[in-house]
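These are the structures in question, set out in turn.
There are two complexes below, and they share chain A, which is joined by chain B in the first and by chain C in the second.
Right, the complex of A and B next:
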């Protein structure tokens, strides 16, 4: 608490984590969705006995393997980053945050990784039914990985299940049940997992469309297109409705995030007629929208599922934060006194009285003289409180537009999947080359939607790492600026090379298509066959 | 004996499903929704593929291939 925090290091740490997370999340959604699509294809194989579905599972499994390997590589560094770049955060919440991460590694990731091996190498070693179970376990394992990560993230968004101990100066576990059944974690898991399903569907559908346009293995392409289109249309409906549910939960737990997401500066007490901003140019410095196009009667039912719930605006929330800042400063000063002298029970009692607003005291440190809250007195209290309360507002412009881009892409994909599923179910998708081209060029859309979704979730959490408890400002490690720049450049170069490798391999194997076997370009027997064994599914090749 | 084991296995799955439904339905409605929803998405996609096979069979029957 006594050391001076360098804001440049904090910003560089944020940038580094944001970049590594966004890079990593290029791989994750495809894994979440493609595994269940593989399980679907293999289920059809087991039900119908048609070998073409086995061939399909193996071909799409090859593309899944490329993505899986690079996803693991980019994910591993992130867990270390908490310790290296966010040591104060790790100290403060490690007891709680570390638990779901450890479970993710020990349970979900190990389960997923073990069964991935059997999935690739076990085709000729176990029965078809046993292999299907393995494929489902891979799908379940990858989604369980996401579950534990999102439980950890849910704690950051809406901290439940932990209590601050003034003796150890850290948050400690109070309820595992509260942690895993946190509403934010639940809603975010289903939203994120199903967003992965949409990503997997668009990936399979887009590449299948390419094969149909180029007359490549139409038997596989038509079947893959059908499965992906049906899978995708239901998943997209799911992701839109679950996104609405997540917004509803956020409106209760994170009102500032929601106000920023909708660029609501002033509370509108005429709840029924309150306008929803379709377009706005929010200006945080001016505290208003420079331009906006609003649609009346939409905002309140959209966000609160009622007509009479008041949605607080940013200015009101800032005013509500001011007394919390005053209380937080009292809590932090008392905590510091108690830490110097553990027999000072008066300080402990004062701390406990204001403990609920402790996070606001942390946040006020950056505006206190020499970052020392003891130096905040009557002469500068108003200034410190006003600046700190204003600091609770995230970047409204980024929040507003990231959210809208995500939603727009979601609805565009819904339309594409709806048409694709309709024409595929009518069995005349080949008569619509324009739709096939749209499907092919839409492959990147779910990735954009996912990335902007994460920007919405994490930018809206600012300025906190743990909402209302621990500000980002005090969470970073005390590295030098040069160290941060050096490691940032290193990460960007390394991760960019991973992306380049993924893109190269994906394009290469997707263009070659399912007729390629480990022997070269042999075409599979008509009506399906086993010529398309993925290279790594052959133990002999694995030794090469 | 095999029938008995099958019955016991199915009963165990049923009990586990009911337990999951009660626990996650009460405390984790969204987790429960994910379990039900994912199962539904997979089953409908499987049905779509099976329907394709039927359509393909009918088409081949008409064209004589």
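Right, the complex of A and C next:
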């Protein structure tokens, strides 16, 4: 072995990835949701021919553009960061993980990014119907993009469709069907996309509420408010349903994540009466909750949709991990021998015998003397195994609370959307200024829910980058600390100035409201300043 | 021939196509960014220049993202190693690449001249720097890169990033890429811009084309003289494992081996020179469409020259010669390459057809946007 893995570099790489991913995820949900709201508004325009719906589409489209730019820009970082900071990970899973990312580019991202130009600039150059098709293609593209990204993510959560090959030392792609029909990926895709619809709805509804409160362009505000409120009710119900399905899937594939999410330390074999922790203060070092308020009879049906499925606690899962660590160490030692001498078939046979647990061997490396598993012997075996088994527990406190905050925000939003939709459909939403104010101040809620959802999913995956296969600890590139500090400072400075500029522009254009953009549009239609007819005079091909 | 070997070669060709698409399309947008302050003397002219590429830069940028994804999937070891070895350089590239979309969207949304002028500097840096890094990285790869692997496939790096940016051949390659991007961007500005932008662009672009010829020829002599890599043994059908399985030697002039074996390959650099020369002449003669296409052909010739010299190497290691990355030891698995081929066969023609449609929709001259129009860039 050349040099030891530096834990500081691993932690800094994790920090950088988490910051850049959370940041990227500030822009993604709005893109996912707003595209479909825009497409809905534009559909109404094409069907009814009422110009106000075109105006609405263009106004919200401008806010969409401000958001879209940052989504694309920060997405670039994600596509490159696996290679720049997670080289061992990229080498180990690239053959199967890289493929959905490449397909995402080919199938979805290209479509979205190419047509978005026509969506912004093509109003006067193609017919109204053709433009509507373009808008739908942008919406479809951004959501297909999410699909492939989450298929890749699903592989990290529950690796299916890849087989480890000791000759290439990596997971090789072996089943396309298993990769794309991974339950975790499917449920998470729908959950995440719909979370985007919730975000888009809250955004449009909140800003429309602001216009209603300040008497700006009521015609646009009332219509936008109604579309968003109805869209919001349906989406929030969908997000909760799929979130429940995802929990059900995780309970099978990632029991440790679920135990941490619910802060269950010990298995309760009285499944029917097992209690669900509404509030808990988990303490990982002590291995228990310092304080908890539980509701009996709720846990088992909630998580497993049955009354008699046992939900294992963290302590039991740690115990179950111990023999896997022992096997994993054997597997890795044999694998290293085989790699030094490919004719050593004895070593290969030993490796194959314990291959299923090789990930636990990787995980044990950080506790082996000099990170060399060969140096694990009778004298230190117990301590290495115990520490490694403990290592399989994620940060329970973060997991428990991130999950609860996400769920709580989801239900609060459902209530707001329900009231808003009810009064809006009854046509007297203006008589409820308090509700309008609540809607306006609730704009940040979906973002918090999305970010905490990401934390729940990815914190709960720790200590693995690929569940049970590859630990985070061995996944990072072997950079120096100074390289990491350089890039981290760069990201923080750049991203902070981006968010400042974005918020400034969002507030500026949201406050200005549709009037100005309407006016500006009539005077100088979109199209890169190309001379063209007034906005909706004659939707036909440009004649110059 | 074994299917797996065929797939490896196919994906080597596709890697080349991607790098060419990236160079031509993204390079063009970068060139416009680099030239922005020079072809546009006031805000109106600069906005006009930006709107020349306005509807398309986003789609073009996807070449870059697709490049990342395709290298990740089809060449996992190359992706894992090259991106990490060139860490600081890649991060600088990334920073300038992510600044550019923001600059496009935000520049003209606020009227203050200080705001707009700052973004114009961002365009300059984010046009120049990525193209320089693109060229410099290819130059470094020709020279061999300091890395090797541990038994488990983890890479280790043995050279500092300062060397990668500041060695003579890398600087030359970087400047060649920048010149070509100025050429390509200038040709587009001529094509869709009006005077005075278009005549200014003509001067910059045709000069850049001639500079590119000089740099390319000097670079050619440097390649002929430098230590090249020679694959002594290595089974093209081997499982993709860069740790062991190859024997590589270093020899002066080895990058000319392929030309000696197949003299017809000399056509490739000749095409590059002819493209640049004829292209510069066409731009001078105010024929930007032909000029643009000749520039694209020149790019194909330049990158084709690199590919012809290096085959079958992807990224040679100066640190442990035998662990050099080649087409044979750094690819994805057979199964994966089959699926990637299927998706590419379906979607690349689709992408090309709708991209063509979009360019057709937005064709025509771009005039100065109305100062009150905050919808245009």
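Everything below uses one rule, namely that the second predicted complex is superposed on the first by the 514 of 544 C-alpha atoms of A that agree within 3 Å, B and C clash if a C-alpha of one lies under 4 Å from a C-alpha of the other, contacts with A are read in each partner's own complex, and residues count from 1 in each chain.
Keep in mind that, in the parts below, contacts are C-beta pairs under 8 Å (C-beta built on N, C-alpha and C of every residue); 3 or more make two chains touch, one makes a residue touch a chain.
Every value quoted in this text rests on a predicted model; they were computed, and no experiment measured them.
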Practice task
Tell me which partner A:115 touches in the superposition: chain B (first), chain C (second), both or neither.
Solution key: second
Exercise for the section: Considering only touches as defined above, state whether A:193 meets chain B (first), chain C (second), both or neither. Expected result: first
Practice task
For A:326, decide between first (touching chain B), second (touching chain C), both and neither.
Solution key: neither
Handout entry: Touched partner set for A:92, first chain B, second chain C, both or neither
Key = second
Exercise for the section: Name the chain, either chain B or chain C, that contacts more residues of chain A. Expected result: C
Handout entry: Residues of chain A that lie at the interface with chain B and also at the interface with chain C
Key = none
Practice task
Using the touch rule from the top, collect the residues of chain A that touch chain B in their complex.
Solution key: 36-37, 39-41, 43-44, 47-48, 50, 53, 143, 177, 180-181, 183, 186-187, 189-190, 193-194, 197, 222-223, 226-227, 229-231, 234-235, 238, 242, 245, 421, 424-425, 427
Completion exercise
chain C contacts chain A in the complex at 47-48, 51-52, 54-56, 58-59, 61-62, 64-66, 68-74, 76-77, 79-84, 87-88, 90-91, 94-95, 97-102, 104-106, 109-110, 148, 150-157, 239-241, 243-244, 332-333, 335-336, 339-340, 343-344, 347-348, 351, 354-355, 358, 361-362, 364-370, 372-377
Fill in the blank from the handout: Given the complex, residues on chain B that touch chain A span 27-31, 33-34, 37-38, 40-42, 44-53, 55-56, 59
Handout entry: Contact set on chain A toward chain C in their complex
Key = 1-3, 62, 65-66, 68-70, 72-77, 79-80, 82-85, 87-99, 101-107, 109-111, 113-118, 120-122, 125-126, 165, 167-170, 172-174, 176, 336, 339-340, 342, 474, 477-479, 483, 486-487, 490, 494, 498, 501-502, 505, 508-509, 517, 520-521, 523-531, 542, 544
